[in-house]
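Two complexes are shown next, each including subunit A; its partner changes from subunit B in the first to subunit C in the second.
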Partner chain A sequence: MKKLTTTLFALLLILGISSSNAAAADATELMKQSHLAYFYAGDDGLTDVNMTIVSKKGKERVREFTMIRLDIEEGGNQKYYTYFKKPSDVSRITFLVHKTSEGNDQRWIYIPSIDLVKPISADDKNSSFVGSDFSYEDISGRHWIEDNHTLKADETLDGKAVYVIESVPKEAYKGFARKLSYIDKETMLPLKEEYFSKKDKLVKKFTADKIEVVDGITTIIVRTMHNIKKGGHTTVTFDKISYNVGVKDDIFTERYLKNPPRKYIKK
Partner chain B sequence: MKNISYFIIAILLLITVPTTNAELYTDGYVQGLFGGQLEGDNPTKSDQSISETRLQLRMESIGDNGEFFSRVDFFYDGLADDQEQYDWEIREAYMKFRLGDKLDFKIGRQVLTWGTGDLIFINDVFAKDYRSFFLGRDDQYLKAPQNALRMEYYNSMGAFSFVFSPSFESNRLPEGDKLSYFTPMSPDGAGGFYRGIVATGLGEQYYFNPEEPAKTFKNSEIAMRFQKQVGMYSVALYAYKGFYKSPIGVDASTMMPLFPRMQLYGASIRGAKFGGIFWLEGGYYNSKDDPDGDNPFMPNSSMSGMVGFERQVATNLTVNLQWQADKMADYDLFEAQQDGSLHYRDEIKHLITSRWTKLMVEETVMLSAFVFYSPDEEDTYFRFSTEYKYSDEITLTVGGNLFSGTHPNTDFGQLSFNDNIYTKMTYNF
Partner chain C sequence: MNWFKKSHPIRIADNAMNAHLAGTYMNYLVFEGEEEGSMKSPELLNYMYAVQQELSKNETVGSTTGVTDIIKKIRYELYTADSSKMVIPDNQLEVAQLLFVFEMSGGDPDDLFEFVTPEYDKANLWVQLKNGDNLAVSAVVDRGNKFLSENPPPEGITVKWAGLPYINIEWQNQMVSGMQKSLASSFVVVFLMMVFLFRSFKWGFFSMLPLTITVMAIYAFIGYIGKPYDMPVAVLSSLTLGLSIDFAIHFIQRLRVIHKRTQNFDESFNEIFEGTGRAISRNVMVIAIGFLPMLFSTLVPYITVGAFFFAIMIVSGLVTMLLLPSITQMFKKSLFK
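So, the complex of A and B:
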């Protein structure tokens, strides 16, 4: 049986060799477009975020924060500023990320009760974001060049035509061994993502639950990460979104870490 | 009386902030903290290390031209004398505003921090509250508030900070009430002198309450910093004029401890390196009351340096390591002044520390340990805690503080009777 599969595989390989490069390139291009639509909408963005973490047993924890994003380069470096509002034990804490598309991000946290600015070692992009089912990388995006992409199928998902793209990390990665993305052909936004472990078990599932057009940009307003492996899920809801507000680069410095930009963050 | 004047200042601050379109936000917590001592022979009054209930109220008002923030603690201290059981403190009450594009002001009672160390402070000579630190209060209490004006000027060269404190704010040290301490020579109440580890359980004369510098303009404190981001590194220069924050000098006429004059110059660098964060900091403590190192009642000048590294070594496990070396100037003069009856420090004093933090169960459980160890002072301090976030509102904590030392007069050795464990419950609203 194994031999037969190998033979078949070899045959397919020979037959498909001429077209597969082009197909891979297409899948990579589609992934890039999706990445830009999802993580790089507009030149900058501002949103209030409600993050509800629901445990396996149904217990809820809620984080509320305001997030400011600035794209330094489309598809490349970005800066994120986060101001926490709730729960009350983390209120007024601010968090700054300089995301680099290659290499490690730089992260800083400011704890106002002790007036402390602290850089955080950030070599593990797969670690959880504030205890939720989203990792840092799920929030700010894993660069498409880190994976090999293959267009697996054209399907229909909830009445929408989607590309089904499989992504396999080029280098071994803790986050997933394989990922299937269901990308809306019209908006290029991911409607569903399935993350598989090394043993090819579904461990995590992302769903886009509500999509709206804001400032002319199609945006996922509500999204959920289902933790299939451990149970539980995290739902993220965006509110008061605005794009292209002209966020200045100096917001993403220690000065504003200590003094939140009140122009964007009231409370 | 002192409390009332603080209150008036707070109210004045609140109403003078430009409050056009300002909204007022309130939050805070209620916390019970109870601890017991592990050593039976501690000379304090009680075998409980702490027993208090605390309400913290935070108020914030953000206007178009500035903002106001206050953090006020009301607490009940079950170990205090009857009249002093109920008390309150303004931890912070400040206003912040901007003049032009480049100048930021923060004026009022505030907590101040800078420097790179993790619980090792070289250029950060803002007031610390070691009583809170050793008894299990939250981390925020290690920093004692001070009345100050902070001005920060930003331009393309970097950030320049200037902090003026009109009156000296000392460290809060063990005073014999809840924590025992070492005294080299104290009147024993019977006409003689006592040397050793003491506390108020042995008599009220062992309540440690050193006299602070007079509240005059000449005794004000000035701290400055220049900071610049150079690539991946944050580089800073520091200067300070004021006093040693702990009473490490002695008044030769009364033989009572006092706060000697001190000036400090230092520098630091911190940034991402080797998959983690790396920092290096140094400072020169210029002892203004003993420039030549020949006064046995005053501390000699010293040079202090530290290097540290932190990284995430496994998923949700972060570890750091620091090494500090402090070199005393004119050590030969200092050594000649010792009579040999007590341990005295080496010319270079070393301190090694390590912090371990582990997050578990979707970050609802945090295990934390921190150890200080000095190989030449032969003393250690180990602090640990387990924190469980039961919900967004309720946090449960158990922890402890363990001290040991070969000599009774070292930083941690003198605390060796104060080993304690505590439990804490916090309701955040």
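So, the complex of A and C:
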């Protein structure tokens, strides 16, 4: 077995890494950088979130929550703590996610009306987050190693130079069959993403609507997910963002689900 | 579905599916509140559950599913499969939070929104029926309506039926009563026209006999065998009106013309049976036999049409050829002065 591996390795060396492989490697590297800029900004982050879900018929539903993120490892494990404020009948619900780069995430929810902490299924990362057009994965990121990436073009989008990268899941995935990301060359943030179905129809479109520099970190303040397939969209607005506040690991535990850390969460 | 024969594969398949599943006929009971969130009220949810239990007493109802069942199921799951917790909580906050947990715990939010609007101002209770027959559906609807009137819904809530089987019975009711009205009014109009045409009230009256007797015979027979009065029957009764009056006009008009010439009743009768009588009988036979092939159709309405056309032609032909001559014979003095 070892011999075979050595032979293969030697073969690869002899053949050299082909140019297309080099391009793929580049695209993967670009995707990784974009991912780090987008989902791993700073070592931790704290923000108030307003999520406005607009149905096809134009009816609005609003969710407001505070979100605390801690990166355990850059590009790897992360922990998210979410404290819901609105709608008022779900206020004080808290939600905890331990995200792992291997994909076996864990989620817990605290239900204040019955004072119960319950682990909930995290199998379907493509499922909707609190009934919005964003999936869990759109919020916390789909790891770049799960897709094959190809650099399709260098373009200009709204006056900004972008990489257009196509991502195709390595294993069949419900969320999309193909995704095009338009990544700002300067900040490495995605300005636009287009999700295509198996039949290559555009089903979802992400747009970064407002970008600002906060604590020296370029941040998407307003983003929208357009649900092309069903109609409607969800707009997420960040407010009171702060980075590198020194969030401690122990708040991402059951104890803090029941008793939210007052230091970070103002009612 | 009853438009297919009992032995037709589609009907057999439908019966089998309905016997094993909750029912293939989807009816809905729509609960509408005045404000957002009114579907989260425990009072409303308990009421909806009571409606579900009442409807389930009808044997046609395969199952009922509503937001109530989702809430109970979430509660059951949260309390690690404790079936005593499978009830509607008495606290609205808990209802709201349980539903939020459902939205959080993955799956398609649209699954929930099959049963309730995202604003929670309207809910849709699924009432799956095993039988789409008008009588069966009507029984379910009546049972529901009786319960709703005896136990009014909570303040500010209205409850309405919806769904295809319900639309069907409404449509049938409208259609049948519409048909009955139009049949009655055409009957009157035809009678007036006959009186005008023959310039005689008596002749007008007698000319209505073949169609009256035929329609009555059909209805009596339908009632006797217990066949529901549905669309094919309604259409057929209107057709009877036209066909039978045709024979009567033909017969009476010819008789009067001939009699004017001969001035002799027996002579006129001989002549009319030779000419017009033969024409009418052939007309009857041709149309009656012409519709017989429809008896071999797989669709029940076609069989109905075929069989009834045959019967209509025979009955109205017989009445024209036997009854009309006998009556004219009896009243010949006053009819032909």
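Convention: the second predicted complex is superposed on the first by the 250 of 267 C-alpha atoms of A that agree within 3 Å, B and C clash if a C-alpha of one lies under 4 Å from a C-alpha of the other, contacts with A are read in each partner's own complex, and residues count from 1 in each chain.
Quick note on the criterion: contacts are C-beta pairs under 8 Å (C-beta built on N, C-alpha and C of every residue); 3 or more make two chains touch, one makes a residue touch a chain.
Predicted, not measured: the structure shown is a model, and the values here were computed from it.
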Self-check item: Side-by-side fit of subunit B and subunit C on subunit A, or clash
Solution: clash
Exercise. Go through the superposed model and pick first if A:Ile109 touches only subunit B, second if only subunit C, both, or neither.
Key: second
Quiz item: Between subunit B (first) and subunit C (second), which, if any, makes contact with A:Ser128: first, second, both or neither?
Solution: both
Quiz item: If you stack the two complexes on chain A, which partner ends up touching A:Phe95: first (subunit B), second (subunit C), both, or neither?
Solution: second
Practice problem: Quick one: name whichever of subunit B and subunit C touches more residues of subunit A. | Solution: B
Exercise. Answer with first, second, both or neither: which of subunit B and subunit C does A:Lys59 touch in the superposed model?
Key: both
Practice problem: Check the residue A:Ile120 against both partner chains and state whether it touches subunit B (first), subunit C (second), both, or neither. | Solution: both
Quiz item: Between subunit B and subunit C, which residues of subunit A are contacted by each of them?
Solution: 53, 55, 59, 61, 87, 89, 113-114, 116, 120-124, 127-128, 130-131
Practice problem: Would you pull the subunit A residues touching subunit B in the complex into a rising list? | Solution: 53, 55, 59, 61-62, 86-89, 91-92, 104, 106, 113-117, 119-124, 126-128, 130-132, 174, 232, 253-255, 259, 262, 266-267
Self-check item: Of subunit B, residues touching subunit A in the complex
Solution: 23, 25, 27-29, 60, 62, 67, 71, 96, 98, 104, 110-113, 139-140, 142-143, 152, 154, 159, 227, 229, 232, 234, 270-272, 275-277, 310-312, 315-316, 318, 359, 362-364, 389, 391-393, 395, 426, 428-429
Practice problem: Please give the residue numbers of subunit A that touch subunit C in the complex, ascending. | Solution: 53, 55, 59, 61, 84, 87, 89-90, 93, 95, 109, 111-114, 116, 118, 120-124, 127-131, 136, 230
Quiz item: Which residues of subunit C touch subunit A in their complex?
Solution: 37, 40, 78, 91-94, 96-98, 100-101, 103-110, 118-119
